[in-house]
Amino acid sequence: MLVSTKEIEVRYAETDQMGVVYHANYLVWMELGRTQLIKDLGFSYAQMEQDGIISPVIDINVSYKKSLRYGEVATIHTWIETYDGFRVVYGYKILTPKEEVALIGTSSHVCVKKDNFKPIIIRKKFPEWHIAYENAKKQGE
Amino acid sequence: MLVSTKEIEVRYAETDQMGVVYHANYLVWMELGRTQLIKDLGFSYAQMEQDGIISPVIDINVSYKKSLRYGEVATIHTWIETYDGFRVVYGYKILTPKEEVALIGTSSHVCVKKDNFKPIIIRKKFPEWHIAYENAKKQGE
Amino acid sequence: MLVSTKEIEVRYAETDQMGVVYHANYLVWMELGRTQLIKDLGFSYAQMEQDGIISPVIDINVSYKKSLRYGEVATIHTWIETYDGFRVVYGYKILTPKEEVALIGTSSHVCVKKDNFKPIIIRKKFPEWHIAYENAKKQGE
Amino acid sequence: MLVSTKEIEVRYAETDQMGVVYHANYLVWMELGRTQLIKDLGFSYAQMEQDGIISPVIDINVSYKKSLRYGEVATIHTWIETYDGFRVVYGYKILTPKEEVALIGTSSHVCVKKDNFKPIIIRKKFPEWHIAYENAKKQGE
């Protein structure tokens, strides 16, 4: 598959006094989209962490276009924007119930060892992930 | 000391669409009060965790009395309600800027080993904490 | 229906450095359970707020029994514990994937006007909700 | 003043199972830095909202450099990166206790009416803010 899709019901706790979803909470949703993409590719991020590897966020770029409100269901699309065997950039688009774009963004990640935060080469450490990511990236072109 | 005091500026992120602090966030504030009390007693919760012991919450009881809003500074008072060498119950009172009671509550905790969640006896494992907690409790009577 | 059921995937953001779900986040989940129960009864909490009525939490009582971890799916059961036409007490039980009890708890609520926080009588203001709540409560006995 | 400074104690609730501050929480801290800058300029964001104007985030760009842990105190520096009378871009640098850079980032904001999200011209609606922002920007050059 190319672009992963996940629906997210807005939680009351996610709103702020503007009456809309608080901007930082979209980063949590982007993580849900990323997790879904990894799942759709046949892997489990939770399992990777149990194997002693974590994948911290290196940078985040987000543009907020439309607000979302409690009672609405958002849809997040997630794909692999770039991947070079070491660093992954995920792309995200969040849609309102009316299919308007609420947010577009990217996040960059590397994989590191949990105990010392030393980077690892995905291509070497997780060859199966590497192949799946290469394929998912190509499908996106 | 008897009752520990900490001031907390309401964060925008802590509000919800009711325009007031979201109720679950008070549990975070209770933790700030608890951390301050432990600090006032001369200890460090962060250090305890580095020593491999954690202190999970066993139960929480909270009554919400008044709302708090963004732009306000709350004051949290924290004390040791009961302590028996094994289980600690902390008491909390959160005040509005006008010194009205916003919340009263308690939380119960035990100490367990971080790697296997097995309970430990505070009195035996941390005799200095034990004495300090006994004294702080007595001062509250 | 009697007891409402909702599945909740643990989010990475909901964990803390203990490696388990942070205790305050269960209050957010209890709200998801409550929202599901209201939906199962044929109503919408979001709609009620749009009509100018909010339902703040008056008190919370929670006992934590087992931890939940990232990668797990929790199940929350929610029911009406007591209801007198004015005040509702919801009951909650959260289960681990192995159907062990992770949490039991209650939350009490009244309904108030959004603009002045004055309480309203559910029985009078929302007679249809009143009947549904009475019925749901009876089914629980 | 040119660059505003605020110290932030890491909260336990802000950590995740990696054992460090969860990445989305830095956006909350950036807001604390922004609020401090506005305060240092002699204004109050809370007051602005009470006057019916809100200032939503338009975009966020963040690079994560170093982790922060529970028990540490971070320092956030905030300044006005660009300002044109309509749109403000704030710059942020978060430092670890050892004064290493943990994060650099920017956030863009406009001001809109709370009731209809229509944009307003800061220069016209808030001439005093306008002058203060112009001055703060110049000092940054």
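Some notes on this structure:
Note that the chains are named A, B, C and D in the order they appear, and that numbering of residues resets to 1 at the start of each chain.
Keep in mind that, in the parts below, a contact is a pair of C-beta atoms (placed from the backbone, for glycine too) under 8 Å apart; a residue touches a chain by one contact, two chains touch by 3 or more.
Fair warning: this is a prediction, and the values are worked out from it, not measured in the lab.
Relative to subunit B, the most remote chain by averaged C-alpha coordinates is A. As for how the two copies subunit A and subunit D face one another, over half of their interface residue numbers coincide. Centroids built from CA atoms put subunit B at 35 Å from subunit A.
Here the CA centre of subunit A is 24 Å from the CA centre of subunit D. Once the centre of each chain is set as its mean CA position, subunit A and subunit C turn out to be 29 Å apart.
For subunit A, the set of residues that touch two or more other chains comprises 12-13, 17-18, 20, 24, 28, 49, 69-70. If you draw each protein chain as a dot and join the dots that touch, every dot ends up joined to every other dot.
Taken together, the subunit C residues at the contact with subunit B in this complex read 17-18, 20, 23-25, 27-28, 49, 54, 56-64, 67, 114, 117. By the touch criterion given at the top, residues 11-13, 28, 31-32, 35, 44-47, 49, 69-71 of subunit D touch subunit B in their complex.
If you check the complex, the residues on subunit C that touch subunit D are 12-13, 15-20, 22, 24, 69-70.
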